[in-house]
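Have a look at these structures, which come just after this line.
In what follows, chain A forms one complex with chain B and a second complex with chain C.
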Partner chain A sequence: MSDTAPRPRRTALPYVLLVPAIAALLVALGYPLLRQVVLSFQDFGLAQQFGRPPEWIGLDNYRELVTDPYLWRVTLRSLVFCLVNAVATMAVGVGLALLMRHMARSVRILLQTGLLLAWAMPVVASLTVWEWLFDTQYGVINYLLTQMGFDFEGHSWLLRPLSFFFVATVIVVWMSVPFVAFTVYAALTQVPEDLLEAAEIDGASAWSRLRHIILPSVRPVLLVVGLLQIIWDLRVFSQIYILQKAGGSTHDTNLLGTYIYRLGIGGGEFGMAAAVAMFMLVLTVVLTSPYVRAMLKQEGEA
Partner chain B sequence: MPRPARRSLRVTANVLGVLAFLVAVFPVYWMVNSSFLARNEIRNPVPTWVPFGGSLDNYRTVFETDQFVNALKMSLMVTLLTVFVALLFAFVASVAVSRFRFRGRMSFIVVLLVIQMIPVEGLFISQYKMLEAMDLLNTVIGLSLVYVAQVLPFTIWTLRGFVTGVPYELEEAAMIDGCSRVQAFFRVTFPLLAPGLVATGVFGFIQAWNEFTLALVVMTREDHRTLPLWLTTFTDVNRGTDWGGIMAGSTLIAIPVIVFFLIVQGRMVSGLTSGAVKG
Partner chain C sequence: MKKTLAGAALAALALTALSACGSDSSDGDNGSSGDSTPQAADIRVWLNGTDTPQDARDWLKKTFEEQNPGSTLTIEQQEWDGLVEKLTTALSSESETPDVVEIGNTQAPTFTGAGAFSDMTDQLGDLGGDDLLQGFVDGATVDGKTYAVPYYAGSKYIFYRKDLFKAAGIDAVPTTMDEFVDDAIKLKQANPKPANFSGFWFPGQDWRNGAAFIWDAGGDLATDDGGEWSGSLESDESIAGLETAQKLFTEASGAPKDGNEADPWTPWCAGEVGMMSTPGWVTGLINDPKSGCPDTLGKQIGVFAMPGSDGSPAPVLLGGSDIAIASKSQHQELAQKAVALMLSDDYQTILAQNGLTPAKNSLASLLGDDEYAQATIAAASNAKLTPAAPGWANVEGSRVLEDLFSAIAQGGDVSELAAKADEQMDSQLNG
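Right, the complex of A and B next:
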């Protein structure tokens, strides 16, 4: 505590120092948020885009959305996609982190180097490479599967929605696992070694050591990392958008992000798009509150 | 001790570790490999695994398209402007948060955490409308403005950790030796912050360089595309005909990021979950 609050003297200096940051955030995020709330209560379509004044229509946008089965389908799809991806990422990431403790040093370093490379790849570059890997005609994945005796020659992976989401999941998990594996592994190295040895001498099996010592001691990290995955997987825009451009029906593969984009920027229905965006914001804030609480708790302990 | 069980666990871990390594690294390898291959090798039912006899032709093709060079310039301008402004603003803000106690400090921290989690898609409609009204669509300033807001929270959060890490006693000692408070800060603390500024600056660079969604929304004109936008359009045009060129483009975009990322990676991990690790 000694390094903060050097002197309890009252001064305006800290507020002055915060002005640029707060101003930037207010202009680029605060004002748009306000504007979006207003927009979501207005009839703002293409006519308004060309100069007609927007009309106040109260909750009509929201009413229309709530009764639109398509929004519910997109929402449900987004939630399922988000949960499947978050669970898969956590399972693979935590699994790898646990295995890293038992690997030979050289293998562990090899794996960490590989994960680091995958992690470092820009999203757009990763998607482009995966598109090429899954390419219908000359893609390596079709080639390998055909070699293994399955008939995948000329198979189009993005055509059917389910297969489309499978590809998207593979890519998202591939991109997200490194962060989980590294963070969880870092936490695992903090588990007291003597405690584990004592348990082993007392005859605890590997499984019960995992359940009763290892997992409880990394629980806070698992919670934060898991929550971050859920929040991040709810907002997979570029992944879906770029895969949609590569093929597949937009209507059947839209998630919340791409739906907002196509409604607003694509279709000019700004009022409606704003209402969906508000819905997504509220959803995120609800999901975020436990994360913020966890971070603040550390802040208090630090 | 149950030796055999331990041994088999070790063997399984090693095998799975090597497998996971292959899955992690293969796409990166395949990108670089394909970028060296000629068209007839790319369009061959049997893949070429190692680019023996490869050439730099694909890279030449990419550089010969004006759009790539144009997008490179665009990306550099937007990225550098974003990093410069974000670092400056975040630096002064992080000093305020970590060297002072004042009313509203905690609320500011909470706000930072919350906006870090706001999805871009949640606001891009109204950001688009705002920039349109300000006549800033398709401008470096417009895109940088939304990028600054995007990277500021994390930058402040991380820099705050670095500033707090420099003990205030050092400054006090300098003040006893006759420095003013401001002098003490700039002579003692500031030099010790250099690694932190570099790390957070690099982080901002990576963020802005890779960003796709906001660029798509703000830069609607063809001649204002940043590199990620250029790559997706280039892919759309050449899919099925020139995967080699596409992979050369991807490699060119990825290289600076991979290099930078390897430099700062350790700090980024600790920035996101600092404290949580210590349990």
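Right, the complex of A and C next:
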């Protein structure tokens, strides 16, 4: 803002303009959240879903949860899965974005089209294709590996939890990379060319140009995208849910998202599911708070 | 630019974090559908899987729309897989609920107790009364009120490859459980190729077929101890049954150890199956030029009811479906008319001609007396229901038994796994 700009008059207009946004937030977020908090203190089952009044049970749902070792196992599993996926997605996405800067136009457009298609594909449709690719009996992947001389005939990719999560990671990363690549690439186009040129003339290596010029100037974008990845990968649901139906052990592969679903919609224990969801909300806030703080700090510096 | 980015990120954080947790459940205020002038409307009927033949669907739509001018009937096909979850959400919403739903006979009790279905006790007489399959009516009755009526029954029986039996030197179909297991292993050994060939096709998640081995050995999935249900997979009898299942999994089956039993016609037509236990209507799909192989392996189908240890048919799972009306449906009267049509002799005859056991005892003869009809009738003669525990659908919803059988198929320790599954079921069975 320049000093010569006229001082804006105080009017009610800005507040009026805020009303629709706040109303939308209240309806779309406030109400479900309130409902969830209420549910988590109730014994709310299938019968309550159809009109029987629920019973207030205070902290019983939470008490039962924290004493259940299974919740902690699922939580740990979700955290590891989330971090591995977020890091892998960021690495591949940023790598592709950097690569795009040096590509011939035609190659870049080809790559971008591919990324866009992967991004635009509906989740369930693409999961069905992935499921077929990794199918134990008729899957293309087993076929190709067997053709190449490995013994993969009838190999079940989903049988062991680790292998299950490997497949899930491939799919999740595949689906999220386009967003990271495009966003970071867009930010990279804003990096001042002349600065890079000057650094090159001064003898800065490619690595130090990346470290000291490129990355710092896209840092805000990296922070935001990284934050989103962590949130998305912590709440991952469809990929796990659909793979569980295709094979593998449900008990050993549940993440927080599918666990809440199995408790609530699958098992009719809505109160308990709401309590786990509250737990997950707190976990998300804790996990992302360093990021948010870094972003706010940056804003303060700017 | 930085400022807006950080702001956008915070907003995005709030949005995504919260929507992650929105276990949506609509408000539970009672939908009062009081005023009932039978107004013309579109009735939505949910049928599951491909069980109901196209002829029956066409007849239902046409007849309903003729008899109720102005109204229409739309059949929406659902997947059996994940049905309980889907009904849980759909039935509780006044605006989203289908009017008439088909539900597996073992899944019905969970919803009848919860008030999800309309009381049909008054209409029972008109719909067939004592002629209806009694076991199904009982299963859908709570405190003297009936909330669902039988749609069709059909227990699984064994399909076998006639040519492979001959080639392996098996002259007659097995008549006891021991012979059945031996023949399955013999078939597997006689057909080393393809590697995933099954003497008995038994995918790891298939607990519905697996239950037959538990029951045949004298065990049970769960037992009722004075109103308190608990898992009983740890009993000696159940363990013996699970061990038979494990033997079949490891020595006779080439199906995926963690796979499910969907689409059995695919491996059948690929020549990978010697025997399999499936519903009778699967013949239709094997002999369908689009999905199956009518000219080749379709010609080699033979059928018999799975034999039990004592020589009579094994106690297989009594399969079948119920029909119910959603209590939140706004068109109760029209829905009742649709149900009446689905239980009419005309409609049930079409089902019977397609190998489904009709909902009325008096129509059973329509099944005919060929090999298939005999196997259908024999399989049903000793069939059993899943435990009538109030929380049984929760057990199915959390996939405890899929996990158990899949772990057994992988060669796990049977007693240990059974104990673990019992523990999980104990917390769910009592609703």
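In this section, the second predicted complex is superposed on the first by the 243 of 302 C-alpha atoms of A that agree within 3 Å, B and C clash if a C-alpha of one lies under 4 Å from a C-alpha of the other, contacts with A are read in each partner's own complex, and residues count from 1 in each chain.
The rule is simple: contacts are C-beta pairs under 8 Å (C-beta built on N, C-alpha and C of every residue); 3 or more make two chains touch, one makes a residue touch a chain.
Keep in mind that this is a model prediction, so the values were computed, not measured.
Asks: Is the number of chain A residues in contact higher for chain B or for chain C?
Replies: Touching more of chain A: B.
Asks: So, does A:I213 touch the first partner chain B, the second partner chain C, both, or neither?
Replies: Neither partner.
Asks: Please indicate which partner A:G268 is in contact with in the superposed arrangement: first for chain B, second for chain C, both, or neither.
Replies: second
Asks: Determine, under the contact definition given at the top, whether A:L145 touches first (chain B), second (chain C), both, or neither.
Replies: neither
Asks: On the A-aligned overlay, A:Q298 touches which partner chain: chain B = first, chain C = second, or both, or neither?
Replies: After superposing on A, A:Q298 lies in contact with both chain B and chain C.
Asks: Which partner does A:I57 contact after superposing on A: first (chain B), second (chain C), both, neither?
Replies: A:I57: touches no partner chain.
Asks: Pick one for A:F182: touches chain B only (first), chain C only (second), both, or neither.
Replies: Only chain B; A:F182 stays clear of chain C.
Asks: Considering only touches as defined above, state whether A:V84 meets chain B (first), chain C (second), both or neither.
Replies: In the superposition, A:V84 touches no partner, neither chain B nor chain C.
Asks: So, A:L33: does it touch chain B (first), chain C (second), both, or neither?
Replies: In the superposition, A:L33 touches chain B and chain C alike.
Asks: Go through the superposed model and pick first if A:Q48 touches only chain B, second if only chain C, both, or neither.
Replies: second
Asks: Where on chain A do chain B and chain C both make contact?
Replies: After superposing on chain A, chain A residues 25, 29, 32-33, 35-36, 39, 137-138, 220-221, 224, 228, 231, 234-235, 245-246, 257, 260-261, 264-265, 270, 273-274, 277-278, 280-281, 284-285, 288, 292, 295-296, 298-299, 302 contact both chain B and chain C.
Asks: Which bits of chain A are touching chain B when the two form their complex?
Replies: 2-6, 8, 11, 13-15, 17-18, 20-22, 24-25, 27-29, 31-33, 35-36, 39, 96, 99-104, 107-108, 110-111, 113-126, 128-133, 135, 137-138, 140, 143, 174, 177-179, 182-183, 186-187, 190, 200, 206, 217-218, 220-221, 224-225, 228, 231, 234-235, 237-238, 241-242, 245-246, 256-257, 260-261, 264-265, 270, 273-274, 277-278, 280-281, 284-285, 287-288, 291-292, 294-296, 298-299, 301-302
Asks: Which positions of chain B touch chain A when the two form their complex?
Replies: Touching chain A: residues 1, 5, 9-10, 12-14, 16-18, 20-25, 27-28, 30-31, 34, 42-47, 85, 88-90, 92-93, 95-102, 105, 108-111, 113-115, 117-130, 145-146, 148-150, 152-153, 156, 164, 166-169, 171-172, 209-210, 212-213, 216-217, 228, 231-232, 235-236, 239-240, 243, 246-247, 249-251, 253-254, 257-258, 261-262, 265, 269, 272-279 of chain B.
Asks: In their shared complex, at which residues does chain A touch chain C?
Replies: For chain A paired with chain C, touching residues are 25, 29, 32-33, 35-36, 39, 44-54, 136-138, 153-154, 156, 158-159, 220-221, 223-224, 227-228, 231-232, 234-235, 244-252, 257, 260-270, 273-274, 277-278, 280-281, 284-285, 288, 292, 295-296, 298-299, 302.
Asks: Per the contact definition, I'd like the list of chain C residues that touch chain A in the complex.
Replies: Interface residues on the chain C side: 1-3, 5-6, 8-10, 12-25, 28-30, 81-82, 84-85, 88-89, 91-92, 110-111, 113-116, 195-196, 204-205, 254, 256-260, 266-267, 272, 327-328, 391, 393-394, 397-400, 402-403, 406-407, 410, 424, 428, 431.
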